[in-house]
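Chain IDs A, B and C follow the sequence of writing; residue 1 opens each chain.
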Amino acid sequence: MTAHFTSPAFKENAHQALHDPALQRALGNVESGFIAKRRKAADKLPEFEALRDSARDIKNHTLAHLDLYLEAYEAKVTAAGGHVHFAPTAEDASKIVTDICRRVGARTVAKGKSMISEEIELNAHLEAAGVKPIETDLGEYIIQLRGERPSHIVAPVIHLNRDQIESDFRRVHSDLPAERDLHAPESLLAEARGVLRKRFLEADVGITGANFLVAETGTSIIVTNEGNGDLSQTLPRVHIVLASIEKLVPTLEDASQMLRVLARSATGQEISVYTTFSTGPRRAGDVDGPEEYHVVLLDNGRSAMLAGEFREMLRCIRCAACMNHCPVYHAVGGHAYGWVYPGPMGSVLSPSLIGVDKAGHLPNASTFCGRCESVCPVRIPLPKLMRHWREREFERHLSPATVRSGLRLWGFFARRPRLYRLATRTAMGALALLGRRKGRFRSLPLAGGWTATRDFAAPEGSTFQAQWAARKDRA
Amino acid sequence: MTPREQIFANIRRSLGSTGEEKPRRMIVEERLALRPAGVLPARATEKSARERVALFVEMAEASAATVSIVNAPEQAPAAIAEFLRAHNLAPALRRGTDPRLEALPWERTTLEVATGRTFGDDAAGVSAAFGAVAETGTLVLVSGEDNPTTLNFLPDNHIVVLDVADVAATYEDVWGRVRDRFGAGVMPRTVNWITGPSRSADIEQILLMGAHGPRRLHIVLIDPEAAAIESVPESAAAPAGSTPAEPRVGSTLAADPKKPGDGEPASPAKEPEPEEDEDELDEAIEESFPASDPPSQTQP
Amino acid sequence: MSAASAPARPRVGLFATCLVDLIRPSVGFAAANLIEQAGCEVVVPPQTCCGQPAFNNGDRATARDLALQAIDAFQGVDYVVAPSGSCAGQLKKHVPELFAGEPDLSRRADAFAAKVFELVTFLVDVRGMTSVQARFDGVVTYHDSCAGLRELGVKAQPRKLLESVQGLTIAEMKDPDVCCGFGGTFAVKYGEISDAIVAKKADNVVAAGAGTLLAGDLGCLMNMAGKLQREGRPVRVRHVAEVLAGMGEEPAIGEPTRGE
């Protein structure tokens, strides 16, 4: 495995993010761009909460029978003239894709947006094989120009401001007139559209992800607003679908249930502009469409997740509502999380995929405010799953020594109510005495993380239990 | 073990299953055969046929598509010609060979009509819809020689002819029709659900119309029962119909919704500062259709 | 005795919470006062911590020990009431999770959890209280603490009782239901992020134009008070129970004790 990540440096990443004014300015768009729209879309559909239940149940049912639905799906893809490839690891998936590209002599590949592609670091593998990948989603295109990773699974460049994008375009599109006006975001879009239109027509292979796979018909589904995914898969000779095994749903009816919650949760749209159902290659009589249709099914640790308490995470449909509503994500952005999947869903998924020893900070970097769970379209109990990771870390002695010893000390007293009352009465009395002039402390040993920026209220004096007992005695 | 066997073995180990258990297989076969429908939105299912059509038009327009309504198929070419004229576009289009399109009296217009797939040189593509879904104003198109998929995405203007009888309440209703046409468990190569024209909000979450796909989506709805439709007025910018295509855009062009002074520092007066969804969409449409029209032109 | 067949004057075990016990006992007395006003008898069994810090840091063993300790200590009461959505949420929602799959313990945990309520929801939803006899001259803004809001549905109840306080006006802040950044040990472990979150909250509090900030959880209150005070913002911070019990004249959180 060659996964590149900086998750172990989460704290340092977060520190940098908090001191990056451009990033902080851009992050304001997360709150203003998503939350009210989702609320409005949900409120407009009286059945929305029932659909969330339905979506959860469909995914649970599919996961419990995943092997059988995969068999059915594979048979249907094959019957439609497509090819299904199984990739146990990220390396396997990249190799399958690059092998197909080599076999058909591909020079350039047009890519629709795919988080699986990020997960397996496909672009690096393609480039190593002499194939030029071209990201065609506007956000992913910008990311590729900058040599970055998306900082959000739906809005890849949510961390950028338009002036940054403008300077990237001026740097890369050096054949265009230098004096052109790129100030308005419309002109940035128009320029990207012009540049990419040529690339679509040149590409030999198109690669897309899949939002869902349908067992009933062997269909892959992509959901986009730009139409880039459709151009990527319609114009080149070969279409490769990259999908992980948990994208499966049983039927077109089930897919329709999922689609009713996806766009509303993601962007607050009733439905995305383009929802495209693809089944196999060009048919007899077709005048367009790909001649070859391949599906690469990635496992990469997911089959193991089915076994335990993290199975629920496999319901995730990548809508990003969790990160859109997360106060930690709002504060530090997606890159701080240090790998492909940021925010609450990433805090649960990343430890499964790259190891809790590396992604251990992520499930801890949550206030457990529960807002993510309250908006999750498939009702994944994200805080509970993060807590399960904390339990694993605790069991494996991976949590920080200060936390462990602090908890041990606290637990020692908390388990012994009499000793606790005695000790706390004395300690609080002393602290109250120290803090009585101001009523609060500007610094406290062991609580520097707090008192660096916040005062800490001093105790009133005697504990409640002591005062209550004294009052009862008097009565 | 092949990679395939490896994945199946891992899944089955995790699920504690051999994959051979009869009851499990029965459950899966039954679900694939019976296809339970789940939760359907009453906003679409509890409507009469007429209300359903009205909902479709309302939702399609909310997605920034434009709609013109004609009483008979013969009127469709004129409505399309009018749409192109209203946008200062050349009277030329490319369409598939769908029999419903072949049967239209194109010769009654001055339109230059080509057929077949496009390679991106056509400003307008015309398709016949397989169906439509009232609940979200969504068009359903099916690939094939009749309606090449490239026509849905490459031209700047996509015009879709839709028969009112094909307007269904829900997605599920359309799947029923797909099965009737192609067989249970069988799908055409591509089914496209299309709801409005292409857009992107990737830059600062500002909604911009016309990303990679068409900048305009125009629906010509053939509805024999639609209220008496006047003949197209000479000077009007739009074909007749419940919602003339252009006035919606035209009115946002005429008005000046820009509020100077509340943009952020980096962007003076020229930026949409969405307060609310519809405003945002209107402004995005305006931004995407600058005053003079040939769509390939950039900002004035 | 189960909650359903509670007597005319139910016996309520006050779970003060460790923060109230140690830092701000006056909240405990305010809570006891309100529970008595609601026609109940108040007892305070020996107690320490609900176990949430251990539970949320992955130490299930300690969390279980503390849960069992609480279950034993509160055996003889009709209700367990805590002036904290977070601790009540731990006792009501998470304690049963700790014993899932162990029939005997699970039954005890479920029976215990059924008796547990957050203070204000207990007053309003269980005891039917619609108003309080209290006066507070000033404008307040109310922060919805996360666990209370999302685990227990505390939202309308405190506002309803606050509206009955004479002289009090509520000015809602922007995003009252967004986390203040406390998150228990999170506030120390990830102090910098916690601070960034509470800084936004402090801005919203100040922008609301209220002189007093109220909430139902002392942890969140200490976090917000600490930020407001460090920045020298003129907003006083109190637990909602203090105002509802007519104790709004006492020194606010982080203020020096009077007369010293």
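Keep this in mind: contacts are C-beta pairs under 8 Å (C-beta built on N, C-alpha and C of every residue); 3 or more make two chains touch, one makes a residue touch a chain.
Just so it is clear, the structure is predicted and the values come from calculations on it, not from any experiment.
Visitor: What is the identifier of the chain with the smallest separation between its Cα mean and the overall Cα mean?
Guide: A
Visitor: What's the chain with its C-alpha centre farthest out from subunit C?
Guide: B
Visitor: So, what's the distance in Å between the C-alpha centres of subunit C and subunit A?
Guide: 33
Visitor: From the mean C-alpha coordinate of subunit A to that of subunit B, what's the distance rounded to whole Å?
Guide: The separation of the two C-alpha centroids amounts to 29 Å.
Visitor: Measuring from the mean C-alpha position of subunit B to the mean C-alpha position of subunit C, what distance in angstrom results?
Guide: Those two chain centres are 51 Å apart.
Visitor: Of all residues in subunit A, which are in touch with two or more distinct other chains?
Guide: Residues: none.
Visitor: List the residues on subunit B that touch subunit A in their complex, please.
Guide: Those in contact with subunit A are residues 2-4, 6-8, 10-15, 17, 19, 24-25, 27-28, 31-32, 35-43, 59, 62-63, 116-117, 119-120, 136-138, 143-145, 148-150, 152-154, 170-172, 175, 178, 185-206, 208, 210-214, 266-267, 270-271, 277, 287-288, 298-299.
Visitor: Touching subunit B in the complex: which residues of subunit A?
Guide: 26, 29-30, 32-34, 37, 40, 45-47, 50-51, 53-54, 58, 61, 64-72, 76, 80, 85-88, 92, 136-139, 142, 155-158, 160-163, 165, 181, 183-191, 193, 196-197, 200-201, 215-219, 225-228, 230-231, 234-235, 245, 250-254, 256-257, 259-260, 267-268, 270-283, 285-289, 297, 299, 303-307
Visitor: Quick one: which bits of subunit C touch subunit A in the complex? Just the residue numbers, please.
Guide: That would be residues 16, 18, 20-29, 32, 44, 46-49, 51, 53-60, 62, 65-66, 69, 73, 146-147, 150-151, 177-179, 181-198, 200, 222-223, 225-227, 229-230, 251, 253-257, 260 of subunit C.
Visitor: Any idea which subunit A residues touch subunit C in the complex?
Guide: Residues 11, 14-15, 18, 327-328, 330-332, 364-371, 373-374, 387, 389-395, 399-400, 403, 406-407, 410-411, 413-418, 420-421, 424, 427-428, 432, 436-440, 442, 446-465, 467-469.
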